[in-house]
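Please find the structures below.
What follows is a pair of complexes built around subunit A, which joins subunit B in one and subunit C in the other.
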Partner chain A sequence: MSQLLAVLIDGLIYASWLFIIAVGLTLIYGVMKILNIAHGSLYSLGAYAAASLAGYWFSQGYFDATVAHFGPGYEAIAIVASYGVMALAAVLVGLVAGPLIERGILRFMYGKDEIVLVLVTYALFLILEDMIKLVWGVDPYFLYQPYGLLGSFDIGDLTYPNYNLLLFAVAVIIGAVLAWVLARTRQGKILLAVIHDREMAAAQGINVGLVYFVTFTVGAMLGALGGALTAPMISVQPGIGAETIVLAFAVVVIGGLGSLPGAALAAILVGLVRAAAVHYRPELDLFSVYLVMAIVLIARPKGLFSTQEVRKI
Partner chain B sequence: MSRDRTVNVLTVMLVVLLASGPFLPRWAMFLSTVSLCYGTVVLGMMLLMRTGLVSFGHGLYYCLGAYAAGTLQPFFGITEMSIMIGAAVAVTGAVSALLALLLRKYRDIFFAMLSLAFSMILYGLLVKTSALGSTDGFNVTAETLFGVRIAGTAYERYLIFAVTAFLAWICAMGMLRYLGSHRGRLAEAVRDNELRVEYMGASVANTIHVNYVVSAMLAGLGGSLMAISVGHIDPEMAYWTTSGEFVFITILAGTGNVLAPFLGAAIFETIRSFAYEYSPNTWQMALGITMLLVIMFLPGGLWSLFARTRKAG
Partner chain C sequence: MRPLRALSRFTALALATVALAVPAAPALAQDSIRIGLVTFLSGPAAGPFGVPARLAAEAIVESLNAGKAPSPYNAKGFGGSPIELVVIDEAGGATKQVAEFRNLISRQNVDFVVGYISSGDCLAIAPVAEELKRLTVLFDCGTPRVFEEASYKYVFRTRAHATMDAVAGARYLLEQRPDLGAYAGINQNYAWGHDSWADWTAVMSVLKPEAKVTTSQMPKFGAGQYGAEISALMQSGPEVIHSSLWGGDLEAFMLQATPRGLFKRSGLVLVAGEPNLHRLVGNVPDGTIVGARGPHGVFAPKSTLNDWLRQIYQAKAGYAPNYPAYSVAQAFLGLKAAYEKARLEKVQKAIPMGANRNVKEEMEKAYGRPTTEEVIAAFEGLTFDGPSGKVMMKLGKGHQAVQGTAYGMTRTVGGEVRLENIKYYPVEQVQPPEGVNSLDWIKGGLKPGKW
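The block that comes next holds the complex of A and B.
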C-alpha cells in the first residue's frame, strides 16, 4: 500500500517536472510548427544561469543578510527572494537567447519542411551546447541550497522535500495560465488564429512575425525555467540538455504535438509509468518511458490529443 | 549523372585504399576505417532520405549490429569475423523488417519520432543490462578471419581495414545499381508525390519497407565493422545523439551520389579527430555552424558543389 502511494507521489512529482520541461516545446510546435531540439540547450542554459546567479546570491551571503535584515520570523521573504533569483535567471536566459535565435536564425527558415526545421534546431543545439561549455567549462556546478529551504513532509515512513510541492505548484500555474491566455484573452485568440491558419491570420491583419517572436521567446523562457527549477536537484554539467530533450520529446509526442492538455496528460502518464517502473522493476526505468511513447504512437500515430489535419495534396 | 564514372571512381578508390593501407600511419588507417564504417551507415541514411524519410533513430541498427557481432563471443564463443558481420546484418535485417511494418505508415516528424523511440528503447534496455556491461559496454575482438588467426598479429589492423574497405565498396556498388534500377528510382518518386506513385500502380508501402530494411542492414553492417575495428561497444551507440550524427553527415554530404556519404563521413571524422584534439569544446559548434550554412546555402549538400563544377566544366 505504502509503495503504491509512493509510486503515486513520485509519479506526480516527476509528471510536474516533465510538464514544465515539455510545455514550452509543445507551445512552440503548436504555433510555429518547429520541433525545437534546441529546447534542450535552453533548459541547460537555464540550469547554468540559475546555478551561477543563485549560487552567487547564496555564496555572497545575500540570503543570510536578507534573513538578518528582516529579523526572525520573516525567513519566508529571504526564501521567496532566493527562488526569485532563480526565476530571474530563467527569464534573462529566455529574453536573451529567445530573440537571438528567432530573429538571428529561425526567421530565415520559415516555410521550409518541418523536418528541415528540426535539423536547423539540431544545429542550434550543437552550437549552444558548446557555447555553454565555453562559458561555464565542463566541471559540474552544484546549487543545493534551494532544495532544502522549504523543509520536508512525511507520508508514512517516506520523507519528501517540500521543494517537490513547489515543482507541482509551478506546473499547475503554468498550465492554468497558458490555458487561460489561450481561451480567454485577445492575445490567445490571435494565437489560435495563427495556429489554425497562418496565411489567413496574416490576411486579417495579424502580425504573424510578432506572434512567432513572442511565442518563441516565451517558449525559450519556459525551457530555461525548467532548467532553473531542476538545477537544485541535479549536478549541472554538460549533457543534461541532451538527456532532457528526448524525454520532453516523448511527452510532447505522446500528448500530440502542439497540444497543451495532451502534454499535461502525457506528463502524468509517463510520470506514473516511470515511477512504477522505478519502484517495481528498476531495470525498466528509462526503457518504460520510450515503450509508452512507442505504444502510444503505434495506437494513435499523432499522439493522444491530435487535431484533425486537412490532407495536403 | 554519369554512372560509369562513379563505378570507376569507386573502384579506383578501393584500389588506392587497399594499396596505400600498409604505408599509412596507424592513426590514418584507423581514421579511414572509422570513416568507411560511418560512410556505410550514411549510405543507408541517404537511401532513406531519397525516399523522403529522416530517421532520428538509426542508432538502433548501428548499435544492434555492433551488439549482435559483439555478443557472439560471450554467448556462443564465436570470434570469427565473417560470422560476426553476417550475424549483425541478419539480426538488423530481421528486426527492421518487423519494425518497418509499423514505420512505413509514418512520415516526416512522426517517422523521425517513432524511430527515435525505438532506438531509445534499445538504449534504455542496454543501459540496465549488467550482463552486457550496462553503460560501460564491453570489449569485442575478432580472433579469426575465415579461420585464419588475425588477433594480435602484425597485419590485424590492415586486414580489418581492408575488409571494411572491401565491404563498403560492395555496398556502394550495390547501392549504385539499386538506385539506377526501377525500384531504386521509385524512392524519389515516393518523396515527391506518393499519390501519383500509387496511381501508376507502384506500392509506396512496399518501396518504403524495402528501402528501410536496406538502410537498417547497412547501419548494422557499419555498426559491426565499427565494433570490430574499435574493439569496444557501449549503449551510447543507440543514443539519439549518435543517430543525430548520421543525420548530420547525410545533410552535410547530400544525397546526390553514392560517393557523397563516404566523402561526408571522411570529412566528419577528420574534423572530429583533429578538433577533438585541439579544441574539444568547440568542435560541435563548428559542426552546428557548418550544418546551418549547408541548409541555408547548399540544400543539396557538399556533393552539389561537385555536381555543379562538373556541369560547368
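The block that comes next holds the complex of A and C.
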C-alpha cells in the first residue's frame, strides 16, 4: 500500500477523534461565548465513567452472559449493548455535570468579560481534575475490550481495527445531526438567534437561560462522549484531560471559534498534516498541529470560518 | 455583644494555644529523623512509578521503625532514632520542585531528602541541594548527566544510571537475534526519549553496525493516539522495535498496536516496561524483551532482604513490588547504612577518651547524632546490600551507585505476564568506569572497566 494512502487513512481517523473532542467546545463557545477549559475535565469524566461502568459490565461477565443468552450468531446484540453502556456513561456525565456546572456556577457569570469566564472554567478544570483523583485515585483504568470487539479490516499491508470506523461514523453523525438541527429545526433557528444577538433574542421572548442550559448540557455530553470513545484506546489516568483540551482548543481556533464546519475542516487539516509528518518527517510530529495553527492564523487571524462581527454601539 | 465577646475570647485562647504549640513541635520532633520523600503522587508517572515508590517507602519506614528489617538493617529506625516521613508530590515541573525542596529544608526542617523520579527534577535539584548543604539521595531518575557533568558533595544516587538500559538491552537482543538487520524506535519527544534512543543507536552502531534504522518515531509525551505511528512502523518493516515509552503512553501504544498485529511482524524491546507488565496482560506479546535498570522487581534474586521487601510491600499495596519500589528501598537502606556507619565510626574514634578531662561532654559528643558531613564521608564509596543485591557507590567520586542488570522475555501464562530466559549482566559489561562519559564509553567500544 502506498504511504500516501496510509497518510490519508491515519489522518482521517485522527481527524474523527479530534472532531469528536472539539465539537462540544466549539458549540458552547458559539452559543454562549464561553471558552470552556473544563471541557478537558468533562472528557476525563467521560473516560473514567465509561471505564468504570463498561469495565464493570465486562468484568462481571455481562458481555459473555448476553452472548450466551442470545446464542451464536447474535453476538452483535452484546457488542451493541457494550457500546450502549459506554454511551450511557457519557450521557450520565453530561446530564449530571452539565446542569451542575451551568446552573451552579456559569449562570452567575453571564455578561462578564470573556477572560473572566476563561478563568472561571480554568479554575473549574483544576477542581474537577482533583476531584477525579479523589474519586478514582491515581492508578490507571483499562477498558480495552471494546477496541477489539468489532474485528479489523486490511488495506494493503496495514491492519486497522473496525473501531476506527466507528469513530469516523460517530464524528460524521454528530456533525450531520448538529448541522441539521441548526439549519432545519425551530430549536436550531432559536439557537442561531441567540448566537446572533442574545439581548435581541431575549426581547423576542426566547428563553435564553434555557437555551444556554440545554447547549451547555449537550456540549458537556459531547465532551464526555469524546472521553468515553477514547477510553478503550488509552490507559485512563489523571491528566488526560489537560492534553486533550490543548488539542481541542487548537482545532477550534484553527476552524474559527464557534464554527461547526470550521471545527470539521480544521480537524481534517490537522489530522492529515500530523499523519503526513509522522510518515515522512517524524521529528516534525510535535510541531505539526501548531504549524497548521500558525499558518492559518497568519492568513486568517480569526480562524478558517470566522464571521464578520458587527460592532455594537 | 456577649456572644461576640465570648467568641473573641475563644479566638484569643485558640491563638494563644497555637502560638504556644508551634515552638513546641520541633522540640518534640528532635528525637526522630525527618526525611523528605519526593515522588509523583499525581500525573502520568504516579501510577506506575510514584505511588509504588511511596507505598514502598512507607512500608520500609514502618518496618525499620519497628526494628523488623533483616540484618544488617535490624537496628530501629536510623541508629535507634525513629524515621519520620514528609511526603511531597513531585508533579509540577522542575521550578516548582526547587521551591518545594527549599521549603522542605527551611520550613519542614528535614534532615535528609530522598526523592525524584524525573531526570529533569534531579538535574534541577542537585545544585540546590549543594547550595543548601542538605544530604539528598536521588532514588530513581536515570540521566547519567547528574554526575558526569558535575560533581556534588551533598548529592548521592543509589540507583545505577540509564546507560545500562541500552547497553544490556542491545546485548540481550543480539544474543537472541544475532542476524538482526533492521530496527526502529518509538520514544517520547522529550529528554528521556531522545537520550534513550541516542544511547540505543550508539550501542547498536558498535555492536551491530550493519543493522539499519527503518524509522524513529517521536510522539509527544502524553499523545494518547498512536495510529499513524503504528502505520509508519508497520510500513517500515523493522525486525525489532526499541521503545522507552512508559506509564500511560506505553499502555496506550500497546493497546492500539496489539490489535493491529504490529507485534506479529516485529519484535519489541521495552527498556522501561517492567512496572507496567502486570497491567498489560493480554496486550503484551510473548517474547517482548523487558528490562528494569538493575536486577529489580521480578529480576531480583532470592535473598532475605528481597523476601522482606516483597512481604512488607505486598501487605501494604496488595500486589508485588515493581522496580520503583526497589529503587526507593535502595535509597533508604543505603542512607541507613551510611548513617549507622558514620555513627559507629564516631563512637570508635571517641573510645580512648579516658585521657579527656570532660568525660560527660565527650560521651555526649561520641554518642550524639553524626553530622551531615560525617554521614557523607561514610556514604562515599560505600558498598551495601539491597533487596536486589549488592550496591556499590563507585561512580561520581563515590556518589553514584553501580549495579549489574538483567533482561528477560515475556510469556503470558494463566493470565499472568512472566519473565523468562532471564540473563544477568555484570557491572563491567553495562556501566562505564569512573571518569568516562557514558556516550564516549559506548562510542569507544564498550570496553569493560575495573571494579
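Everything that follows uses one rule, which is that the second predicted complex is superposed on the first by the 310 of 313 C-alpha atoms of A that agree within 3 Å, B and C clash if a C-alpha of one lies under 4 Å from a C-alpha of the other, contacts with A are read in each partner's own complex, and residues count from 1 in each chain.
By definition in this document, contacts are C-beta pairs under 8 Å (C-beta built on N, C-alpha and C of every residue); 3 or more make two chains touch, one makes a residue touch a chain.
No experiment lies behind these values; they were computed from the predicted model shown.
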| query | In the superposed model on subunit A, is it clash or fit for subunit B and subunit C? | reply | clash
| said: Applying the document's definition of touch, where does A:L119 land relative to subunit B and subunit C: first, second, both, or neither? | reply: first
| task | State whether A:P140 touches subunit B only (first), subunit C only (second), both chains, or neither. | result | second
| query | Which of the two partners, first being subunit B and second being subunit C, lies in contact with A:K189: first, second, both, or neither? | reply | neither
| First, second, both or neither for A:R103, with subunit B first and subunit C second | neither
| Thinking of the overlay built on chain A, is A:D157 touched by subunit B (first), by subunit C (second), by both, or by neither? | second
| note | The only stretch of subunit B that collides with subunit C once the two complexes are overlaid, out of 22-30, 112-120 or 184-192, is 22-30
| said: Give me the intersection of subunit A's contacts with subunit B and its contacts with subunit C, in residue numbers. | reply: 133, 138, 282-283, 285-286
| remark: The answer for subunit C against subunit A in the complex is residues 41-44, 46-47, 50-51, 189, 215-220, 222-225, 227-229, 231-232, 234-235, 247-248, 251-252, 255-256, 259-261, 279, 282-283
| Which of the residues in subunit B come into contact with subunit A in the complex? | 54, 56, 102, 105-106, 108-110, 112-114, 116-118, 120-121, 123-125, 127-129, 195, 239-241, 244, 247-248, 251, 281-285, 287-289, 291-292, 295-296
| field | subunit C contact footprint on subunit A (complex, rising order) | value | 1, 3, 6-7, 9-11, 13-14, 17, 133, 138-140, 142, 144, 147-148, 152, 157-161, 164, 230, 232-235, 237-240, 243-244, 274-275, 278-279, 282-283, 285-286
| subunit B partner contacts - residues on subunit A that touch it in the complex | 35, 105, 108-109, 112-116, 118-120, 122-127, 129-131, 133-134, 138, 242, 246, 249-250, 253, 257, 282-291, 293-294, 297-298, 301-302, 313
